[in-house]
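Please find one structure pasted underneath; my questions will follow.
The letters A, B, C and D name the chains in turn, as written, and every chain counts its residues from 1.
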Amino acid sequence: MSETIRTTIAFALFAIALALAPVVFPSGLALTMMSLMGVMIIFALSYNMLLGQTGLLSFGHAVYYGLGGFCAAHAMNYVARNKLGVPLPAIPIVGAVAGLFFGALLGAVSTRRAGTVFSMISLGIGELVAAFAGIQRSFFGGEDGIATNRVKLAPFFGYKFGPQIQVYYLIAFWCFVCVALMYMLTRTPFGRMCNAVRDNPERAEFVGYSTQRVRFQAFMLSAMFAGVAGALAAINFELMNSQAIGAGTSGQVLLMTFVGGIGHFFGPILGAMLITFLQISLSDITKAWMLYFGLLFILVVMFAPGGIAGFLSIHQPLLRNGRIFKLAPSYLMASVPLVALVLGMIALIEMAHHMLVEAASDGAKMRLFGLAFDGASPLPWLVAAALFFGGAFGLKLVWPRIDEAWAVAQAEGKKA
Amino acid sequence: MRKFTLGVCMAALLTAGAANAQETVKMGYIDPLSGGGASVGEVGLKHYQWLADQINAQGGLMGKKLEIIPLDNKTNPQEAVVQAQKAIDAGARYITQGNGSSVAAALSDFVTKFNDRNPGKEVLYFNYAAVDDSLTNEKCSFWHFRWDANSSIKMTAITNYLKSQPNVKKVYLINQDYSFGQGVRKLAAEMLKAKRPDVQIVGDELHPLLKITDFAPYIAKIKASGADTVITGNWGQDIALLLKAAADAGLQANWFTYYAGGAGGPTAIKQTGLQHKVYDIVEGNPNTAIEAAQKQEEEFRAKFGVTLWYPRAVNEMRMFAKAVKEANSLDPKAVALKLEGMTADVFDGGQGTMRKDDHQFFQDMYIRSFGPLDPGAKFDEEKTGWGWKQQGKIAAADTNVPTTCKMERP
Amino acid sequence: MLQLITFSTLNGVLYGMLLFMMASGLTLIFSMMGVLNFAHASFYMIGAYFGFEISRRIGFWPGFIVAPLLVGVVGALIERYGLRRVHKFGHVAELLFTFGLAFVIEELVNMIWGKLPVDYRVPPSLDFVAFRLFDTTYPAYRMFMLATAIAMFAFLILVLKRTRVGLIIQASLTHPNMVAMLGHDVPTVFMAVFGVGAALAGLAGVIAGPALVTQPAMAALLGPILFVVIVVGGLGSLGGAFVASLLIGLVQTFAVAINGSLKDVMGPVATTIFGELGGVTLAQIAPLLPYLMLVLVLIFKPTGLFGNRES
Amino acid sequence: MSAALTLRDVRKNFGPTAIIRGLELEITQGERHAIIGPNGAGKSTMFHLISGRIGVTSGSIELKGQEITGLAPYEINRRGLSRSFQVTNIFPKLSVFENIRCGVLWSLGYKYSFWRFVDRLRDANERAEQVLDLIGLGARRETPAGILTYAEQRALEIGITIAGGADVIMLDEPTAGMSNTETEQAVALIRKVSEGRTLVMVEHDMSVVFGLADRISVLVYGQIIATGTPMEIRANKAVREAYLGEEAH
């Protein structure tokens, strides 16, 4: 019973957070960003239904997101043109139906196998649909895409959804509904069998389940939620274009889900929020942002394959019995070389970027962390390299202590 | 990392709400600053920063300094909309963008809806390089102004020039398979038929956008068709690779292009050794421009090490400053009303007009060819030692294409 | 017509052989290590850039020898200090590692050599016309590429059929668990395989660089096609990869040469049935055909044309 | 008594090699039947053929009078046959309880249902609890199956196999690799769980075989050379020569 209560509390907190977020972050940019986060949370969770829950690595999930979005955009235009009484908040249902339909259609051919074959078929289908989008212009609108106007739909209790804040709450509502539904799905017989098929497909066959059917059903439901996310994106941007359907978007959702952590239900939520935030704001801070993205991904794969959620969940039992403070001294000790390492790395990347890319036109003078210096002189390079290698070395020195602290804390946690 | 502070400001902005005190006039520059498109976007940014410095040196706009806010749209329309929102949050009432017609369409649409929903907070969008016809035809907007010649104008100019070239007999069309490339193909076929009915179109090819690594098969086809002239709207790697494959196969044809002068184009032509065989259509030629323009060109090249690619950006900013002065206001609506129908001096000499009906700018256009510099010509491209030579000039009046724009004015 | 067919065949075979140079390494790495290496095309790109750097300093020929070796060393280092660490987290993690690696390599290339194509030239010794058919010329450099690719292929066959290492490799292609049982130093074998695979891709890059344009997007353009080749040919089948490479090379080249669309074959009915698709020419959809092949082959024969394993 | 399993002239070739060469076998309902034979005789292959893991080359297999030749494993399972594996085959990331429950769900008709919570399925949970008690893993309820000890995993394997209530149970070497005490516990467990069901088992440990089985079949080189009670098999000359003779040393 306690677990039910804990879950209820978690979802209540989630609802409150969604409701209060615009009060804490009221700026237009924050609203835009949070709206996008809501969309991406649904998208990433739907992807994790495949990767994390069922063990299917897809390279073409954007197909369902995009098709859901295009259908929603057309539906909005159709409703507006014919003055039908359908309000905007009902439009994501169109996305869901579209996602489900295409999930069933393409899933029927792609879920017959698991593993590498599934991944490669998803890659092929992804490329084909993306290319098809370039050919079938009447539906996909060529490069310009399909534009729509959300205000032209019938008002919903007087709301016309012109201002971003209203759109935010619409997305927040759907985000909450979808997250709750997807969480519930994991608690059903079907959800369990997805895990079983992921863990050991052969065994699942010998307890009476057709793994193909389980994969197919997971695929359809996942595509349905991706369709909702796509529809919300169409509402948010009032524009759907073929880039949303392509390999880039498929890669992005993989990145979000993996960085967040595929082993925990809430992992992709964290990943979606972090990556969306970085995507929108990192490009203002550094021109080498794509490099940081790639490095982040590699580092997560190498050092935290459980993603952010995996890292956090190590601390969960400690937090529960109050032993987390035992880790504090070790963390404090590790933070010094870690900060040095990160600062050194950023400095090296930024200086290299400046000297290689910008120095030719802007000169060697540059600013970093508020300091002005000459990128051509050796001193800053020495400092950065010292920070980087010193940090790496220091981290290596203190790492055993952290490992030990973890082990001790965890052992004590188990005893309690 | 001068933008690090900007990033910190932005983080603060998230909590603080929209900026209110407007000490400077802010203009959002929303173009690709990362990924493949960045090579063009970065150069564009230099133009605008340089032009802003010029305006500020002359006292700014109504005494306020003009500030360019660089924003990376990653060549993605949806991302561009987010970046526009960011610009507006930072207090910008003007945005400018050029690379990619799909991004331009998204921005024009966004700005129009935004102004509709936020009366009194209007935002104006200046387009300096997106040439899709639809932006000043069926998709035209009061809040969008275009300084680059649209696709029809460029093709009109090319075909007008071809009228005077009797040795052109067989034309091959090869274009990228997307709306712009298809537009070029259609215009070329129609206009050639009207102006040179004797010319035979021996091939009409559409190839996938930015996906071809080896154009040799296409070149084999062009050769087999016996074409003496190729017309293409290709840009980026698609023009560089196309020309390279042509040189490899020894194809002796004249190339009439929109974008052979783009980043990397001159290097590719020089490599292929096609002397004065590759033509492009532009609004200015440094080697024959008026003296004032040549001086600015020299200054720009000395400062940034790149060619002043966008004379139209200069026109845009000069006319912007002029409109602010005439309106005596920084309000986008007032500025827009002044820009409509404005006639102004053009960077390369002569005058140009912003047509009121569709907000399309008209000026004299030049056909150039690329090859070894003539004696006395000052400017080469991309340090190749080769430069552009003017081959023809098409007067603004001769490119006056009709528009279907039915503009909704506020 | 004859010249079109001749040149299309030559170009198709050349493109196919280039694909095979990369696909052979990729399929080796996949078969022995189980890693679907998304960064494989990135090694091709690094090869081209290394070749460019060396050729402008010392000359093309030293680059031709040294650049692939350097790429091989880079590959081996990446295996040793990156991939090996990830190995214990399973195949998905390994795949994602290479996914991120491809991203990082592209960005580094962007930073070091810029976003524009670099001026990587055909060596003067090969810069002449090989032959002329009617009035179309065929550059000697392309013949040289073809010769290199064929030499490489012959070399691979020799190694595989005549040497002990080749026998071990062949055994492991079909029985991936065998290598470990043979008692060889598995991590070192993996490092060597990865390095050699990378070097092969690097060699392809060195010779393709001057003919196709050397630019940061060249990896992304080819990457997915490589997967198509090894999957269509059959995972773990070198012969399959060879056939699939040629097949895809020829299909793509010939599709470009043919202008037909459904409308031309069926008349105007095509547009009523297929809508816009009816009017699309084969040339327009040429680059799609590999993916269509991929999906169809996997649906009807999940092991690929010549393979006998699914994963 | 009617037959639980009937094999008629079942053959299996891998390429040119015949592994199973005309199996004829009838297993009566309710009996405990052991299959013995030297390594490589085809015992595991025979299990795979019956359970549908691999297809037969020719011949027919009937389960309780119904033809099951060529059906997929899950279809055979739904008809009331459940098996364990020689190499432990469990769901490593799921908890012990979840493992058992996965074995229960289909038989209670929950199929692919995604509209009810699995925790609220009283019958499924009760059944899983019972099985958990039966196999003695109640204390390890929430432990991920992947980190159990080997003997515990073997017990879990049996638990998953019987959880669905199939009336024909096939166990492939259930005591392989166990210590003596562990084996004793396993035998007790097998005796308990096979009550009222048909049990077919492959086993190498002769004390287990002769202690548990009602009847024994001897499989040598892809053919059954003898079937009978333990007494009969002990007395069978051919068996002694072909098989037991070697073992006795």
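Quick notes on this structure:
Here is the rule we go by: contacts are C-beta pairs under 8 Å (C-beta built on N, C-alpha and C of every residue); 3 or more make two chains touch, one makes a residue touch a chain.
All figures in this text were calculated on a predicted structure; none of them were measured in a lab.
Annotation of chain A and chain C: jointly contacted by B, touch as defined at the top. Between chain B and chain D, the least number of touch steps comes to 2.
Chain nearest the geometric middle of the protein is A, using mean C-alpha positions. Of all chains, the one whose Cα centroid sits at the greatest distance from that of chain A is D.
Our note on geometry: chain A versus chain D, Cα centroid distance of 44 Å, whole angstroms. Mean C-alpha positions place chain A and chain B at a centre distance of 35 Å. Rounded to whole angstrom units, the spacing between the C-alpha centres of chain C and chain D is 48. Shared interface positions of chain B, defined as residues touching 2 or more other chains, are 38, 177, 208. Annotation for chain A: residues 131, 137, 290 touch two or more other chains. Residue positions of chain D touching 2 or more other chains: there are none. Listed by label, the pairs of touching chains are A-B, A-C, A-D, B-C. Against chain A, the residues of chain D that register as touching in their complex are 51, 53, 72-74, 77-78, 82-83, 85, 89-94, 98, 101-103, 105-107, 110-119, 121, 124, 160, 163-164. The touching residues of chain A, counted against chain D in their complex, run 184-185, 187-193, 195-196, 198-200, 202-211, 213-214, 217, 221. The part of chain C that touches chain A in the complex is made up of residues 36, 82, 85-86, 89, 92-93, 95-97, 99-101, 103-104, 106-108, 110-112, 114, 224, 227-228, 231, 235, 275-277, 280, 284-285, 287-288, 291-292, 294-295, 298-299, 302, 310-311. The part of chain A that touches chain C in the complex is made up of residues 51, 57, 109, 112-113, 115-117, 119-121, 123-125, 127-128, 131, 135-138, 247, 251, 254, 258, 288, 290-291, 293-295, 297-298, 301-302, 305, 352-353, 356-357.
The residues of chain B lying in touch with chain C in their complex are 36, 38-39, 177, 205-208, 210-214, 216-218, 220-221, 223-224, 237, 240-241, 244, 248-250, 263-264, 267-268, 271.
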